[in-house]
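What follows is a set of structures to go through.
Paired with chain B in one complex and with chain C in the other, chain A is shared by the two complexes that follow.
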Partner chain A sequence: MTTETMTTKRELPQGIGRLSTGWIAFFAAMVAVTVVGLYAYFQQLGNGLIVTGLRDLGTGGGATWGLYVAYYVYFIGVSFAGITVAALIRIFKIEKLEPVARMGELLTVVSLILGALAILADLEHPWRAIVNLFEFGRPQSPFFGTFSMVIAGYLFASLVYLYVTSRRDAARLALQPSRFQGLYRFLAAGYEDTPEQRRIDRRATFWLAIAILPLLVIAHSTVGFVFGLQVGRPGWFGSLQAPGFVVLAGVSGIGNLIMLAAIVRWATKTEKRITVDAFAWLAKLLLGLLLVYLYFTAVEILTITYQASAAEQVLSDALLKGTYAWIFWGAIVSLVAAAVLLTWKALTRRWTIAAAVAAGILVNIGAVAKRYLIVVPSQTHGQLLPYPIGSYTPNWVEFAVVFGLFSLGAIMIGVFMKVFPIVPLEEAEQ
Partner chain B sequence: MAKYAMAINLDRCQGCRACMEACKIENNTPQAVFWMYVFRTETGEFPDTKMSFMPRPCQHCNNPPCVKVCPVGARFRRGDGIVLTDADRCIGCRYCEVACPYGVNYYNWRTPTEAFAAYDVDFTDPEVEAVTGGVIPPYKNPDLDRPQGDEQRMTAGSAHSVGVMEKCTFCVHRVEKGLEPACAEVCPVHAIHFGDVEDPEGPLSTYLRERAGFQLLEELGTDPSVYYVGGGPPTAETREIERPLTEVQR
Partner chain C sequence: MTTRGWITTAIAVVGVGLMVVSYLFWTTPACNTTVACSNPRVPFAAGIFVLGVLIAFSAGAFYSVYKGGK
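What follows is the complex of A and B.
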């Protein structure tokens, strides 16, 4: 028994099973946003994608991939965080990060589900898409990697990892009478936390972590290949796309995990468990990835401007000083600001949670903007034949669906927090 | 097996767009969808400008990027070189559209009825109905609703059904009958030639052998089956002289 559960006797730790007014208000708000998103989605399902701001490129003068694809890429990117952090903890035994491991795994699972839903929202016939992918799937298409690698392999592996690392807490909570006792007993599935079982578990999670890390690099690379292998669109083709996607995935994912950890710490009153040290660790990891990404961005800008072809020139003008300049420079400013803030904190060694969270928010603004910029401008301004310059503005349907996805994710995490300890329980012995 | 290809003589093309019209009638394409499109472009500064025209059907590449990226094999290349879309299999992910450097793909954003209602004709007007017999579009090519070729797949694209991709088919339903595509047949100045490029003595091979030509965006390695003769490829200075129907579609 932990000290936490001992003192509260019959009550479960971390406010599980008790609904505060704050939580109910949060839940109701999220449900409302999700319902608006669903309403927008059914509009689209009934009338066709004509209700969105998407149009044909070329003579259509629009972008055929827009906000949905940008957020699909973003959500898949966010999934990077959890499983990486969890795996790093297992492999390098970083104990300070232990309390944020489970919420990281949860973040991975939730964001992968959201990524899958975002791409299904982009399809007029989601059901036909699922059936045909099973029946006729072609591994030669980079999109196939999205479905096989990312959604099947990576999501499944992450779920297994989340389960295996949560089993011990389920076993311990099952000992205590509560309204979820049956659920915990079911989840524990015979696990009794004996030294032998614990040894096996530790070994299993270690090897699972080792197996997931390459899977993660491959999965995020396939998303990069969706764009990086296409010669037909200026701004897409390049060998830097796949590694760039992996690194920006890490940046947005760790940034998200920092924000989630701060919220969980406040909501579950686990200030003693999730220490400033944990945030410092995450922030340092974020800084490392962010500096690599900024380097990639500098290389990219130089490549599209130094001796660009005429078509690339049109694109880089639109990015650097034209239609998309405010998004591009907005992204650069927020990423650089986060890097400066983190570097300053790293040099002075005075980490604060507020600084880490601020950096997390900044890098996510930058990441969303960069995802949008990889998807859209190459369609509207990346024509190789003399088509007119196109334009694309996402409309309310697309925004409603995307916000609906975010709130659906918040609901999933919020409900999880009310049925299971999102911060692993403290070690009983030792 | 034949290997179909097209030669388009840019010195002959006068930009009348009869081929676009013929294509629309033959394939019943909805508003703002141009399986065949004719660029009307100009270069230079006033008063030293030069106008040129360039028809743009699907290039039916021998190394087609759209076929490579299709996650379900709905976009495929037949043995005779025609690149087609199986409307029954397409999931509408639009990857082919972003992968194609030529911009020849059109997605069915709306249901066919709505797509045709978008023309500036009220098909429900009793006077119009008296002529059309209540059919939208007023003329429907029955060949398009039939499966085509050895594969017997729904590739002629008549359904224009919502949520799937469509593009120029080289008029596969006509080719199957031994006819030329509609654009080639209707061209008043005989700028569009269609035929078997692997028959060394055939008219198309002879035509191409006698003239210097180029393929569009050759440098990308897509190896189109459409060869342009005369004129020249568009350059960075080439600009379109008109804005197409995009605003109407929006």
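What follows is the complex of A and C.
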């Protein structure tokens, strides 16, 4: 009993450093999928984009932006949630969401890395593109804004935020002998848990949150401008693209955070920390954003069907009753079902984790479909010049790379959970 | 203001300054009429803009980590 107690005392909280059979199986599966993705990517790097389903626009009869760009937009959207929730907690002091703040920040960092990799996967010569961007890029271009604001600025700001909010836990864990003690000491960087240091950290995180929130809106709007400023492409050019991107980013991001919070709650046995109230807060936030996005979608449908130009008419026909109709209506059904579910829960005030997770899954199915529809149909059907209608079908290489990215993200989150507390420590857990 | 506050402000100002100068002046092409002069006035000005973003946000980490006195 004494030995057991001592062993328990030496163990780090939340299963850190302990590899269960289930975790090892999960890790091995994710590594296997990532390796397949890498193999597919090297096939593409060696032979060119011809091994994918991507083809030239117009005379090529295809789409130059496909699954990679759709998932780039999706991953960047997911990044919205984490830092927004973390910032809202700091600014408005929503204490019930404190336990999900760090996993939100982590989700932001991981999804931004995946977004950057997705856009690099779309390039036949990624290294050349990176050098040219920094040497010749012009910030007036939304493409530059996307890379500098979203990838560099937003990712770095999120990393700084994650670091500042994690130092206290690192300092606490550094006091306990463990295989990660050196790492914790390094991360703590001499942190001393004094009232003065806490005041400093509160001030630092508050001002970082204030600086990040406008950056977040600019960053997500800029991704929208990549499409919304292209006057020669029916379906893309429009003022609703930027706000639509911001709102759908929030929807998919909050949905992902709900799913991650449920998994973490189960895996780390933190049921008492991550309460139903936390899920209820996230679900209410999700419902608000979802209703705004559904309004945008209704406006979009009305606009493209009311009195569209000939080119817009071809595109809207493909979306509403043609090639892409099953994806479009599938997305609408998913989003509306999630809205109905959340509204019912809000009216009855009986929030459950299962309902929140179901809504999170539904909105992400809808978000992926909507991202695909934003990227692809305007290239295959939105022609102002007299080109024939094109087509695009992603092949195994693209699917393998995208699944590989998802697996890489799961590995990053899984490893983080085994090295550092993904749920901020309570005083009692010191 | 404390030493921490002064240095943090200085880091943030340097970062934002680099962003503003590179955005408004260095990345601006000398002309828009020929390809020859359509590059940014300063090579890697876009990279300098990104560097400014990184420096500006590193002020937050400095503010938290700095251990100097008032």
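Keep this in mind: the second predicted complex is superposed on the first by the 418 of 430 C-alpha atoms of A that agree within 3 Å, B and C clash if a C-alpha of one lies under 4 Å from a C-alpha of the other, contacts with A are read in each partner's own complex, and residues count from 1 in each chain.
The criterion applied here is as follows: a residue touches a chain if its C-beta (ideal position, glycine included) is under 8 Å from a C-beta of that chain, and two chains touch if they have at least 3 such contacts.
Every value quoted in this text rests on a predicted model; they were computed, and no experiment measured them.
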First (chain B), second (chain C), both or neither touched by A:Leu408: neither
Partner touching more residues of chain A, whether chain B or chain C: B
Partner chain in contact with A:Leu289 - chain B first, chain C second, else both or neither: neither
Which superposed partner A:Ala152 touches (first chain B, second chain C, both, neither): second
Partner chain in contact with A:Val109 - chain B first, chain C second, else both or neither: neither
Touching partner for A:Asp201 - first (chain B), second (chain C), both, neither: second
Touched partner set for A:Arg138, first chain B, second chain C, both or neither: both
Footprint overlap on chain A, where chain B in one structure and chain C in the other make contact: 133, 135-138, 140, 144
Chain B to chain A touching residues, read off their complex: 32, 34, 37, 39, 41, 56, 65, 68-74, 89, 91-95, 97-111, 114, 162-164, 216-217, 220-222, 234-236, 238-240, 243-246, 249-250
Parts of chain A lying in touch with chain B, wherever the complex brings them together: 47-50, 54-62, 64-65, 119, 122-125, 128-129, 132-133, 135-138, 140-144, 147, 226, 230-233, 310-311, 313, 378-379, 383-388
In the complex with chain A, residue positions of chain C that touch it: 4, 22-23, 27-29, 39-40, 43-44, 46-47, 49-50, 53-54, 56-58, 60-61, 63-65, 67
Complex contacts: residues of chain A adjacent to chain C: 133-140, 144, 148-149, 152-153, 156-157, 160-161, 163-164, 167, 189-190, 200-201, 203-205, 207-208, 211
